[in-house]
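Pasting in a structure now, in structure tokens, and then I'll have a few things to ask.
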Amino acid sequence: MSMSTQMNQLGVVKRGIVRADRAVVQQLSRFGVATIHEAMGRVGLMQPYMRPIYAGARLCGSAVTVLLHPGDNWMMHVAAEQLQSGDVVVAAVTSENADGFFGDLLATSFRARGAVGLVIDGGVRDVRDLTAMNFPVFSRAVHAKGTIKATLGSVNIPVVCAGALVNPGDVVIADDDGVVVVPAAIAQQVADAAAAREANESGKRAKLAAGVLGLDMYNMREPLEKAGLRYID
Amino acid sequence: MSMSTQMNQLGVVKRGIVRADRAVVQQLSRFGVATIHEAMGRVGLMQPYMRPIYAGARLCGSAVTVLLHPGDNWMMHVAAEQLQSGDVVVAAVTSENADGFFGDLLATSFRARGAVGLVIDGGVRDVRDLTAMNFPVFSRAVHAKGTIKATLGSVNIPVVCAGALVNPGDVVIADDDGVVVVPAAIAQQVADAAAAREANESGKRAKLAAGVLGLDMYNMREPLEKAGLRYID
Amino acid sequence: MSMSTQMNQLGVVKRGIVRADRAVVQQLSRFGVATIHEAMGRVGLMQPYMRPIYAGARLCGSAVTVLLHPGDNWMMHVAAEQLQSGDVVVAAVTSENADGFFGDLLATSFRARGAVGLVIDGGVRDVRDLTAMNFPVFSRAVHAKGTIKATLGSVNIPVVCAGALVNPGDVVIADDDGVVVVPAAIAQQVADAAAAREANESGKRAKLAAGVLGLDMYNMREPLEKAGLRYID
Amino acid sequence: MSMSTQMNQLGVVKRGIVRADRAVVQQLSRFGVATIHEAMGRVGLMQPYMRPIYAGARLCGSAVTVLLHPGDNWMMHVAAEQLQSGDVVVAAVTSENADGFFGDLLATSFRARGAVGLVIDGGVRDVRDLTAMNFPVFSRAVHAKGTIKATLGSVNIPVVCAGALVNPGDVVIADDDGVVVVPAAIAQQVADAAAAREANESGKRAKLAAGVLGLDMYNMREPLEKAGLRYID
Amino acid sequence: MSMSTQMNQLGVVKRGIVRADRAVVQQLSRFGVATIHEAMGRVGLMQPYMRPIYAGARLCGSAVTVLLHPGDNWMMHVAAEQLQSGDVVVAAVTSENADGFFGDLLATSFRARGAVGLVIDGGVRDVRDLTAMNFPVFSRAVHAKGTIKATLGSVNIPVVCAGALVNPGDVVIADDDGVVVVPAAIAQQVADAAAAREANESGKRAKLAAGVLGLDMYNMREPLEKAGLRYID
Amino acid sequence: MSMSTQMNQLGVVKRGIVRADRAVVQQLSRFGVATIHEAMGRVGLMQPYMRPIYAGARLCGSAVTVLLHPGDNWMMHVAAEQLQSGDVVVAAVTSENADGFFGDLLATSFRARGAVGLVIDGGVRDVRDLTAMNFPVFSRAVHAKGTIKATLGSVNIPVVCAGALVNPGDVVIADDDGVVVVPAAIAQQVADAAAAREANESGKRAKLAAGVLGLDMYNMREPLEKAGLRYID
């Protein structure tokens, strides 16, 4: 059942999703968000307003997606049942809203079901408790505002969260630099490219630390001159 | 070639896209954005910061998608060649940017190739000329800032534009109320549902104009009382 | 029943509100928002993000207040029944939300019940129809997004709308410059002060048009010099 | 002297305000902002842009209100004289402004007079010093910009601060999740409701931690089915 | 007296400024903002939040600069005396503020002294009157909020307005696309470059209208291929 | 070569800039941003959206300026070669853009060349590494988004960064309260004024801590009374 053959996606829970391979998720967890997004060709990032609720928060896992309505977190409870060990809940909202859809009770439930964190294009609350639990959350806002349980959304349909398309089972990685989504089918390629990129960087870092200029290391002087760069005194 | 089997989507132009049926596009063009989005189950809207550059602008057509980089409109020229009569160009940018990616020269070219309008999650310029041309544009911003032509993006890949997923060939409708995207495969269903909805509304409008209350017309008094509504004096 | 003696304000409809005197509302309708807010001592303005949905929209009337939840317009229908001739509906939302709470059907109903316009700290839709109806609306946003009818809010309780406190029965005036709220009990004083202010301004306008400087007309040269203003060449 | 009987509220200092009962303030100080706002029926919150200047800041006290003009902090000095032990200063500004109205000197003065913190819909500065003093401030912004002392505002009138109505003497509680205002007259009711709510939550937390689903604990399965939720594979 | 030799720029009015040559201002008035900013090498634009208060507003003139404080328009009256025929007032504020610093009385005075318009990084009011007067204003906001006259700013010092450096005497051009600043000393060069650019564009427009692609007209096919663009079906 | 005699500033690197005197930079480094901006007469601040990437970040040095294009960090490498011990890189962008122009590799290079920090009106990434390196950065945003190296900007021309004019060689100081720019030519005057101001403040702090009111210490009672302040009970 794809998005293109079914008109109304609301009120649907997809159970049998295919998760990214666990070994690849493990590999990707070793890289930073900036490295992974570069390895993908500079795509897949969520917008930079998505921030961790505490310094140093970090997560990597397979996406269980949720589509919420503004002011309504009913589907978060439906999502809880679909969680497996290593999952990251990715919650989108049908219109911009910063209400506190998530707090320490849901975090307790999600963790008990195996979830390793939450990415939500909305607000969260109980930030002190979530921090004490060391439960990583990346969100649009922190807001004490409570929500109702009245309207159906969906679980495990493709969603757009903070500007990024997320399919259930995709790998989601988040750290201080933001949130990136890696489609499950290319996760291994991306992990390999990230590893190559990182290997390449450590040599550069040593040179730059020794005072070598990027101008020389990257051979930029000639293209800069061709582009017309002028030095004046 | 789907998004899931190919790592790097940048630098790709897909030529043979399947457009929504022309007759259905014609049917959808008769409805407003609000009606269509309701008929779809309240999904498919772009974010409300997308505004027409002149009052009364309106468009309906089949999407040719473009992915741009901030400050770079090279791919708009590549997209022009892919246009057919009745197309709407939908341009996304890899990060938030309000530069003027589009002006009267590109509008002249797009129109010559058959395009009926532009939806862009970025800035446009030459607004006076575009208005005189009656070329409808819905954009994030108006900005005179020029762009360069240096980096490859893509044409006719799936893009996220102003929070909505757009596949090439989808029907895009925009009016004073915003922009909505109808997947090609459900376009006929949506057109039918919109027609039914609109037929239904005209009777309601007459009753309300005569002073009948929504409370009575929609039978809300009982559910409101059950929910606990209290009247005081 | 005041805000201070009753814990839960939600789910309440106050019927017997006291409206500002009709003659005073009439007097206030002759002044601009800027003049009235000056006459009140520079208070009472809503925030400047509140904009008319069409150029030249203007309203003045007695407030019927509504408190909505994000994504839910149920209480708008409850409010319709409380409307009398000359009323302005003032709608606040319990958290920031731009959904389209209001469109042409509700406008038809509100007008049939006597309302002269709407001020809403949320979104509206059917803007083309509302403009054709000449139904003035001042709102935070235009957005096609539909809303549900699931949760109780209240009607005719004090609300904070776009940063201004509005009590039911207060006079609300809106024009191109924004929205101002005049408490019913001081409406006559404010109307008198506005009249005095306006009388005073026409003489000034003539002088300034003749080239007289504000520096001289307002006797500013001495205080400027005392404050230390220096002229240099 | 109420807001409705006096036109010009500017230039007024009310001395004999009635503060919320000290014992109730003490009770409320034990609950989080999210719990208290739920206990009140989900009202009373300030907007979520109000953030603590340092992680872990927290305050609870009786409000002394101040109305400031943009760029002018004269009234903060007037307010200092009105402070008693346990007070929280709540400062509103007549239009949006992020200037640094408050710094370590005023904090020293406020603390010497008994204040336990500040909530301000404007900017503050000397953040390093305020943090070292452990003086909790919740503000719209941090900004070094200095202010003048030229225009009268008022002290202890009702103000709208970050979207919430605050009367002098109301209880104001702020923590990582935001800021909530409890009217003095219902403070005891709210404290009782908060206590009941919290007692109720600890049992739930244990069940959820054991893997019980909210779906079952809250008996959601039947209403979800009635609403039309479909499970697919 | 330059910015670098004098510590306190506040409280200064410079009288003998050198205005851009009138003939050059006349030449620049024939070009759009987008064209002029391109002719300058894509610099000199103010930020795109600066918008005309009515559709079709347009201005071109020599800058008289004003530095204001938030909520205080005293210096606008001081500036009026310095105006000559053809001047544009450019007003900056020492911190972000949307108060209504300017209305129809000041417009009457400015026009009587020869000014052709206003560019202000703040708010304006009396928009209906200004529109009726056909007095062009480009501003950050429209806001009825009144201002005081209490603090010294300066007139005819260099200011940063909406992100652009403006020196007194610079040419300021504004239209639907935004606001651009041309330093007086290069105004002739810029006018010449703009004329050349515009001559060049009309030929392009005709070709594009005839269906010629930018890909061919600008010889982009080879660089696109070199950059790696792939066409797929 | 001044801004006023040369049309195109792009593609220029000025080598022989005059830096503020090292001893004065040292003196200024002892004061907070709020104190320095007050000592300058309340000017010179960048906008408050410029925030440190880690709590407690602080820098003071002589400016090397860079003008970047959105999404392009080529000039950062050009700037690296111009750095001397004690320099602060100040980077402006020709239009609003939050891409990650700077990360740990560039920080390694900048530090190796002597730089003590970065102020950038754009985004940065590798925040965890930069924090571990204790490399202070003040930026508009944190964003993992990578940039290209395709378009010439300039180094050591005057730039407007976050609303403040910065000339190469100016002293830039940043701490928790924001970022301030001191023109090199008045740096000594400002340092002296800051020292005087700080000396003055410690006496005040002691008095305020002892409970003396600002009303008395600053002799405000009489001017407040003259302005019309009324005390009521």
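Labels for the chains are A, B, C, D, E and F, by order of writing; each one numbers its residues from 1.
Please note the rule applied: a contact is a pair of C-beta atoms (placed from the backbone, for glycine too) under 8 Å apart; a residue touches a chain by one contact, two chains touch by 3 or more.
All values derive from a computational prediction rather than experimental measurement.
Visitor: Between chain B and chain C, which partner chains are common?
Guide: Both-contact set = A, E.
Visitor: Taking all residue numbers used at the chain A/chain C interface, answer same if over half belong to both copies and different if under half do.
Guide: Mostly same residues: over half of the interface numbers shared.
Visitor: Take the average of all CA coordinates in chain B, do the same for chain D, and state the distance between these two points in whole angstrom.
Guide: 41
Visitor: Roughly how far is chain C from chain E, centre to centre by C-alpha average, rounded to an integer in Å?
Guide: 32
Visitor: Taking the mean of the CA coordinates per chain, how far is chain C from chain D in Å?
Guide: Chain centres of chain C and chain D, defined by C-alpha means, are spaced 26 Å apart.
Visitor: Going through chain B residue by residue, note those that touch at least 2 other chains and give them in order.
Guide: 42, 45, 94-96, 98, 143, 145, 151 - these are the residues of chain B that touch more than one other chain.
Visitor: What is the shape of the graph in which nodes denote protein chains and edges denote touching chain pairs (line, ring, star, complete, other)?
Guide: other
Visitor: Return all touching chain pairs.
Guide: A-B, A-C, A-D, A-F, B-C, B-E, B-F, C-D, C-E, D-E, D-F, E-F
Visitor: Where on chain C does chain B make contact in their complex?
Guide: Residue list for chain C touching chain B: 1, 11-16, 54, 74, 76-78, 80-81, 98, 100, 103-106, 108-109, 111-113, 123, 125-128, 141-146, 149, 151-152.
Visitor: Mind listing the chain B positions that touch chain C in their complex?
Guide: Touch residues, chain B against chain C: 32-34, 37-38, 42, 45, 48, 51, 55-56, 175-178, 180, 201, 204-205, 208-211, 213-215, 218, 220, 224, 227-233.
Visitor: In their complex, what parts of chain A are in touch with chain C?
Guide: It comes out as residues 69-72, 94-99, 143, 145, 148, 150-151.
Visitor: In their shared complex, at which residues does chain E touch chain F?
Guide: The contact residues of chain E facing chain F are 3-10, 40-43, 45, 47, 94-96, 158, 160, 163-165, 167, 183-186, 189-190, 193.
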